Amino acid sequence: MEQRFEIEMAVRDYECDLQGIVNNAVYQNYLEHCRHEFLDAIGLGFAQLCRDGIDAVVTRIEIDYRQPLRPGDRFTVALGMRRQGRLRFVFDQSIVRRVDGTTMLEAQVTAVLTRNGRPIAPDPLVAALAGKGWDL
Amino acid sequence: MEQRFEIEMAVRDYECDLQGIVNNAVYQNYLEHCRHEFLDAIGLGFAQLCRDGIDAVVTRIEIDYRQPLRPGDRFTVALGMRRQGRLRFVFDQSIVRRVDGTTMLEAQVTAVLTRNGRPIAPDPLVAALAGKGWDL
Amino acid sequence: MEQRFEIEMAVRDYECDLQGIVNNAVYQNYLEHCRHEFLDAIGLGFAQLCRDGIDAVVTRIEIDYRQPLRPGDRFTVALGMRRQGRLRFVFDQSIVRRVDGTTMLEAQVTAVLTRNGRPIAPDPLVAALAGKGWDL
Amino acid sequence: MEQRFEIEMAVRDYECDLQGIVNNAVYQNYLEHCRHEFLDAIGLGFAQLCRDGIDAVVTRIEIDYRQPLRPGDRFTVALGMRRQGRLRFVFDQSIVRRVDGTTMLEAQVTAVLTRNGRPIAPDPLVAALAGKGWDL
């Protein structure tokens, strides 16, 4: 099984700014939404984690902005996932415009699970992934 | 003159999410607001640039999230600036919590000026900075 | 033909606030997105209007919040439309949770078309609607 | 003592949309921020209420949009407060542009306190207000 998850989205006009393009911060919303949909899909909903006292915390994000999305654009947000060291894991994400397959943005998002503000091993994540045939 | 610009801000409750902390994407709003206030302060307003057909475009952003901001927190958003190659320039930014001076976040934001979608030399920026005693 | 337009949407976690529910302001984003999709569907895209020098301006909004949307909720945003006087038109909108058909919110949004900041008769809108069998 | 509370704010560029003006939904953020600052000022912080199991829930909002705010605008968000029936209370709010005193927006926001999703009498609010010389 390929370790890749993706969702389809479309630009909403209110996400665009003065320049007539999607505001830079909004792409982080798109990337986060994809990650949360993924966690939901493997049975680890973000709100549920939150109620269980576990936070999924982003520690670092790198985004390369290639081309801006515009009103009406439809696009695919995708992610792959890999482990980094004992505690951290990295989401490799991209946003691709549907009409022509152009990569608009690439990102690496490093995260860690925490309980009471302290990093914990990503065991709940590893277990949930294993159930879907992914390894971390 | 020190090449540093900063503004004071405070967390607004609607910027916080389920976890009770400022949502990751919102920090980009803070960082952008600081950059735009800076451009305003040197006489290069973003809206004005936009009307002149020049866009200031972010091409890459790296953010290290150290500690989360919470409801009620007051903080300083700061920036320094340096050139990278012929066309690009980098903002080195930080967010520091006022109550105890903790660095909550550090970021490097790479940008370029464009006209009609093509990169141009950052001459308008260099000229405006020179008027304030900054060099790029 | 029934004069009703609707779209399907889902709550994104970043739209929720400290209380674990969708923030009040975000419903306006949902309502606006539905109106813009509708304008697109009748051939009057918001960005296009904007480039033509015509702004669709909301002058008044009334929202009755019945029940809050929560993470994971899927919902339908609907609109009907009617004229009010010579210049204004009103969108009657609702948000209905899909799982059980509960009406979460009802709204009346009054708008007007403007050119150069002055109200104009909604003729472009009337013409576009007529093409779809709607009257205003 | 006059029963009026106000805060100063300024438009941030990312709050503006394609039309070059503040997006309609963003005014709700401004209005909410003013209400939360007010609750803080009387010792009833929103996050604290939330932790105590009490939610301040908006049940209805009416907004009259008079003039749009633009990049760079500074403005005052104000509120007065009155009781409506046994359980509800209403915030009368306005947004005034500082440069010329123009009223940009007026709003009535009806709210209720809830515990476990059920409305409760606004006693915590009445007590907190009394401490500041306000009656509800």
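Per-chain residue numbering starts at 1, and chain names A, B, C and D are given in the order in which the chains are listed.
Going forward, a residue touches a chain if its C-beta (ideal position, glycine included) is under 8 Å from a C-beta of that chain, and two chains touch if they have at least 3 such contacts.
A quick note: this is a predicted structure, and the numbers were derived from the prediction, not measured.
Student: Of all the other chains, whose mean CA position lies farthest from subunit B?
Tutor: C
Student: Higher C-beta contact count, A-D or A-B?
Tutor: Counting C-beta pairs in contact for A-D and A-B gives the edge to A-B.
Student: Using Cα averages as centroids, what's the distance between subunit A and subunit B in whole Å?
Tutor: Those two chain centres are 23 Å apart.
Student: Using the average of all C-alpha atoms in each chain as its centre, how far is it in Å between subunit A and subunit C?
Tutor: Taking the mean C-alpha position of each chain, the two centres sit 29 Å apart.
Student: Between subunit A and subunit D, what is the gap in Å from one C-alpha centre to the other?
Tutor: About 34 Å, centre to centre.
Student: What parts of subunit D, by residue number, touch at least two of the other chains?
Tutor: 13-14, 16, 18, 20, 23, 25, 29, 32, 46-47, 71, in rising order.
Student: List the residues on subunit B that touch subunit A in their complex, please.
Tutor: Contacts found on subunit B: 18-19, 23-26, 28-29, 32, 46-47, 50, 55, 57-65, 68.
Student: Touching subunit B in the complex: which residues of subunit D?
Tutor: Those residues of subunit D that touch subunit B are 12-14, 16, 20, 29, 32-33, 36, 40, 45-47, 70-72.
Student: Can you list the subunit B residues touching subunit C in their complex?
Tutor: Spelled out, the residues of subunit B in touch with subunit C are 13-14, 16-18, 20, 23, 25, 71.
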